[in-house]
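Each structure below is given as structure tokens.
Each of the next two complexes has subunit A plus one other chain: subunit B in the first, subunit C in the second.
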Partner chain A sequence: MTNVFQTLLSGLLSGGVYALPAVGLSLIWGVMKIVNIAHGVLALLGSYLALTLFRALGIDPLLAAVLMLPVFFLIGLIVQHTLVRPVINQPEISSLMILFAFTIVLENVITRVWTGDFRAMTPAYSGMSLDFAGANLSVVRTITFGLAVVAVFGLDALLARTYIGKAIRATAQNQTAAMLAGIDTDRVALIAFGIGTALAGVAGVALGLIYSFHPSVHILWVVKSFLVTVLGGVGNIRGAFAAGLLLGVAESFLGTYVSFRWVDFFIYGLLLLVLLVRPQGLLRGAASA
Partner chain B sequence: MRRFLGFIAAVGLLSAACGGTASPASTGSPGTSAAATSGAAAGKPAGKEIVVASSMALTGGFADVGKEYDKTYRHYFDELNKNGGLLGRPVKLVLNDDESDPKKAASLYEKYITSDKADLLIGPYPTPILAAVIPITEREKMVLVQAGTASASLLQGHNNKYTFLGFTFLDRDYAKPWMDWIKTLPADQQPKTMAIFTLNNPFTIGVQKGLADLAKQANINVAVNEVYDANASDFTALVQKAKTANADAVALLSYYPDSVQIVKTMAEQKLKPKTWYNAISSTVPTWSSDLKDLGDGTVTPVQVWHTQKTAGVQQLYDWSKTEFKTDFIPFHVGSAQTVAEVLTAGVKGCGKIDQDCIAEWLRQNPVPTVSGQLKYDSEGIPQYSAILVQTQKGKDLAIYPPEVADGKAVYPA
Partner chain C sequence: MSKTVPLPSQWERLAEGTQRLRPFGAWLVLLTLLIVFPLLQPPLFYMRLVGTILLFVVLAQSWNIIGGYTGYISFGHVTFFGIGAYVAALLFRSAGWPPYAAALPAGLAAALFALLIGFPTLRLRGPYFAIATLALSLIVQVALANLPFTGSGEGIVVRGGMPFTRVALEQAFYFCYLALAGLTVGAVIWMERSKFGYGLRAIRDDQDVALSVGVSAIRLKLAAFALSSFFAGMAGSVYAHQAAYVSAPDVFTLDISIKSLVYAVVGGTSTVLGPVIGSVLMELLNIGLTTSALGQIRIDHIVFGVLLAIVVLAAPRGIMGALQSLSHIRRPRRTGRG
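For the complex of A and B:
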């Protein structure tokens, strides 16, 4: 029974790790109707910046995560304003390709600055765990889970209780109607992209704390975030969180009780099934709180 | 659905693009090489340069190890030139970055052979890259001395005539010193249950098969024997499985980044086996700086240790201490030195640059190296010898066999 509980707990914590980068991706996708393929590489930039702050200045990655929020919000505004906005009314493939090009450029910048080597952040609490009802609770994963909870419920509150949040939701649900109601949808898109990118930066710090990383690892990150976003329903923040947890628990039980080799087969099989049977995702979509 | 298809296409493009552009440029090229330089000491070599070409993983996933090879080869050929060169001629090392990419490495070796007309070749690292390179060098009948793969599936049964191994053990024997050492422990203290985590790769799969057989012979039950794919990043379930099985021996058959990740996960999940083995990683100089005390206790095989009495070991040890800031000869430094020694012995033995002659000479004659005197079989494989090393408080100590041991094993780890 302890093993089942441990497996469940490990899965939930891994789920938080999956949900954190997916929340920002889901928000941008839901509001702007674009798939931000650069989301992973932006998160990766967060990992490298945190690494530099940690190694060069001794700044703890958790403090770095807080610092990333305004920095990446600003980066998001710049990317949206300079790259995405000019093509926003063109076919979807335009934004996809321009973000693809941006991804390649940023990946190469990262490679030039930090080289192609694998990197790992190992603060004092790395590898530590807490006892919880007979199970082990990884400290860094628990922190990441906490960050995911804060991100989800913070964003949830923002969307539900503030004017800009309501404007984001309105824009996500029906852009034309939102415009007719007097909402500056361009500004909303800009802010949504900024928030999504800020969350990517924070997610990157968390992912860098848990996993080894290198300049092309963002492909794996963005694919998994895509999976979580689709499962949770595009634009559905709580859905992304729930899908992340579902994915983490499924992987944990499959890996522990079936075989580690079958995990990806089942998980991506599930993605195929969802896309065929319920393409809108398992939960309700469109930036819902 | 249209958006999904667009995303998939973009990810595909991204993967392809990143495979080709992820890493910075090479550190040397035939025209602008940062290669070995001629020394000014006595016996200065003269005449046309002998070009020794190689590719190495200087960036990308295998760069931690690749850099050890790079530094060792450069040092070796620098010293060789200072001491008269090869056949009295200076040696120019041309070593380019293959970015840990088999396709890039294959095209580099094609270029070395067909366009640059390199005189001699040294193999890259690791197995996936050599799997792409060996067919080229065999086809072109170029001697390739390499310590990048010990995979029996690549090196045996293919009628290889020009490929020579710089390691002193094949993949199936990689865990043999571990198992031999375990057998020296009192029977009631030996581990009973083993978990094996294996990267899906010809080399590590070879190690896995050998280890499973060796464990059976040592009466150890392999309760967990899991293979994971190269894109796996979360090993919690794997570690959890080993914990559930009460594994008191754990084997990490993976490359450096995965090993680091698995060790962190083992610590988080409080999986504390009596003994744990990693096939490659713990003599990489960054092991203890990356993992700190989490990396203590692990055991790994090496082929050269400073307590050996073979010629050149002390010099290599002294240089390693300065170059890598370690108190031991890193595994791949010993392997690289062995490769360079085998290649130059073949050329000296032949007295000329003739690929068939070099290959035949190596098969027919014992080759003195820092790894001992190697005797190659018809497939270019030397006889087995290995040493088991354990990381203790950030330092690596040889613990088996007793004649080369410079430390006492910590058990349970």
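For the complex of A and C:
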């Protein structure tokens, strides 16, 4: 019984962190109708930057996560402006290809700078754990879960309450209508890409805190984000959060009760299944924040 | 700049006599040269280099069938290469089959698998298909790395399938790749002229219109995917014997998927010559990058990614597209002069 509770709890905690990169992906996908395959490698860049800040300057990864927001927002603007926008009116496969090219380049730049070794961030609190109703609660997982909740619901509030948030939702729902209503949809696409990438940077720090990482792990990250996005409904932020929790719990139970080795197989298989059955998402999509 | 040299009349007569072979003349000359090349006993390094280029001709050209002519970009071409490699390894371990015998069953297994997963995935729109193929290559890799009969994590040793001396062995692999490259290029040349090829291009350009004129989209797409995977699987079977060892991380490396795509796209998709030119130039570039002083910093994939981005942004039809538009610019001038 305790074991079941423990499995559930750790599943929920890592599931919250899965939602973090997924909401960024979901936002970009919802607004621009493109699948940002570079999302995982951008997150991974966040992990490595936080690692360097921590190792070289002793900056706590949590502070680094905050620093990542403006940096990755800017990176997102640059990527969108120089790579995605020029092909946005071409068949959608062009944007996927260009982002795939960017992914290859960035992965190998990361390998050049940080080598291909497995890395882990180990701040002082990384080994600590709390006792919660008889279950073991890792401090770092609890913190990253909190970080994910703040980021996801921060985005949710941004979309619901601010002008740019409303413009983003309008563009996601119907670009032509949004344009007719006087929204600069090009600018909205740019900003949405920036916000999505900023969230990827934060997600990278969170993922880097709880898992060890290496230059090609981003494929797994982007596939998981893709899965969470589709499960939650494209553009649906709260849906992505719920789907992240679901995936985390499913993974946790599978890893504990079946076999740790088959977890990835299950993730990829589930992705394939979802793609085949309902590529438009399980929940209602279209940025219904 | 260059003057048009008139053909000597005896050549013209010869060409008339072999009217049917005329469009393939250049290919036949190339094939002959490639058959003669290893018999001249070149240094092993060069033979192996040309063999590797031929392997990538098979991979890029077979990618071209699904990614170019059918318009379904695959990020997981390695899946079929890897399946072929495993089939060859299993056939060798259980029955001692050499690569030239294992190629056909390996190709068929890959094609069958393509049919199986193509049936649902080829109904998806392009980007979803691309991601599905990427996920698939990872699924198959994880499965084969964990199943007991595929040697789990240890892989399978495939040594001694061909009891030759070192030179003869290199030659044998060379000819295996040459035969596969010939088959693949031949199949695409046939495709260009066949109803099948026209149907595929019709689907790619506008699926709804193609459907309305009676093209059976899903059947043609499945056939193209199976054909593409068939060649990739055969290439994998030969590679398994050449590498002498098969393990899931080795034969399902994303590297193969990237190279198949990049070589075909840079050369120019939906053309016969594009993937061939792409494979030759890019593989030479690859060798240059990895064997020169630059090799220590492994910038090959960075260069590939940058080239892919440049092609998508500036020359979507690749080297072939650029050459074609150059010749279009030149042609009016030539007729004006003549």
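Following the convention adopted for this analysis, the second predicted complex is superposed on the first by the 266 of 289 C-alpha atoms of A that agree within 3 Å, B and C clash if a C-alpha of one lies under 4 Å from a C-alpha of the other, contacts with A are read in each partner's own complex, and residues count from 1 in each chain.
Quick note on the criterion: a contact is a pair of C-beta atoms (placed from the backbone, for glycine too) under 8 Å apart; a residue touches a chain by one contact, two chains touch by 3 or more.
The structure presented is a predicted model; accordingly, all values stated were derived computationally and were not measured.
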State whether A:35 touches subunit B only (first), subunit C only (second), both chains, or neither.
both
Tell me which partner A:146 touches in the superposition: subunit B (first), subunit C (second), both or neither.
neither
Quick check for you: in the superposed arrangement, does A:109 touch first (subunit B), second (subunit C), both or neither?
second
Applying the touch criterion given at the start, work out whether A:255 contacts subunit B, subunit C, both or neither, answering first, second, both or neither.
first
Just checking: does A:90 make contact with subunit B only, subunit C only, both, or neither of them? Give me first, second, both or neither.
second
May I ask you to decide whether A:215 touches subunit B, subunit C, both, or neither, giving the answer as first, second, both or neither?
first
Just to be sure I read the superposition right, which of the two partners does A:138 touch: subunit B = first, subunit C = second, or both, or neither?
first
Is A:264 in contact with subunit B, with subunit C, with both, or with neither (first, second, both, neither)?
both
Taking the contacts subunit A makes with subunit B in one complex and with subunit C in the other, which residues are shared?
35, 37, 92-93, 96-97, 100, 103-104, 107-108, 111-112, 216, 219-220, 223, 226, 261, 264, 275, 279
Would you pull the subunit C residues touching subunit A in the complex into a rising list?
71, 73, 75, 120-121, 124-128, 130-132, 134-136, 138-139, 142-143, 146, 254, 258, 261, 265, 297-299, 301-302, 304-306, 308-309, 312-313, 316
Can you list the residues on subunit A that touch subunit C in the complex?
34-35, 37, 83, 86-87, 90-94, 96-98, 100-105, 107-109, 111-112, 216, 219-220, 223, 226, 261-262, 264-265, 268-269, 271-272, 275-276, 279
Would you mind writing out the residues of subunit A in touch with subunit B in their complex?
3, 6-7, 10, 13-14, 17, 35, 37, 92-93, 96-97, 100, 103-104, 107-108, 111-112, 115-118, 120, 122, 126-129, 136, 138-141, 210-212, 214-217, 219-220, 222-223, 226, 230, 251-256, 259-261, 263-264, 275, 279
Where on subunit B is subunit A touching in the complex?
1-4, 6-7, 10-11, 13-15, 17-19, 21-24, 59-61, 63-64, 99-100, 200, 226-229, 231-234, 236-238, 240-241, 243-244, 256-258, 260-261, 263-265, 267-270, 290-292, 294
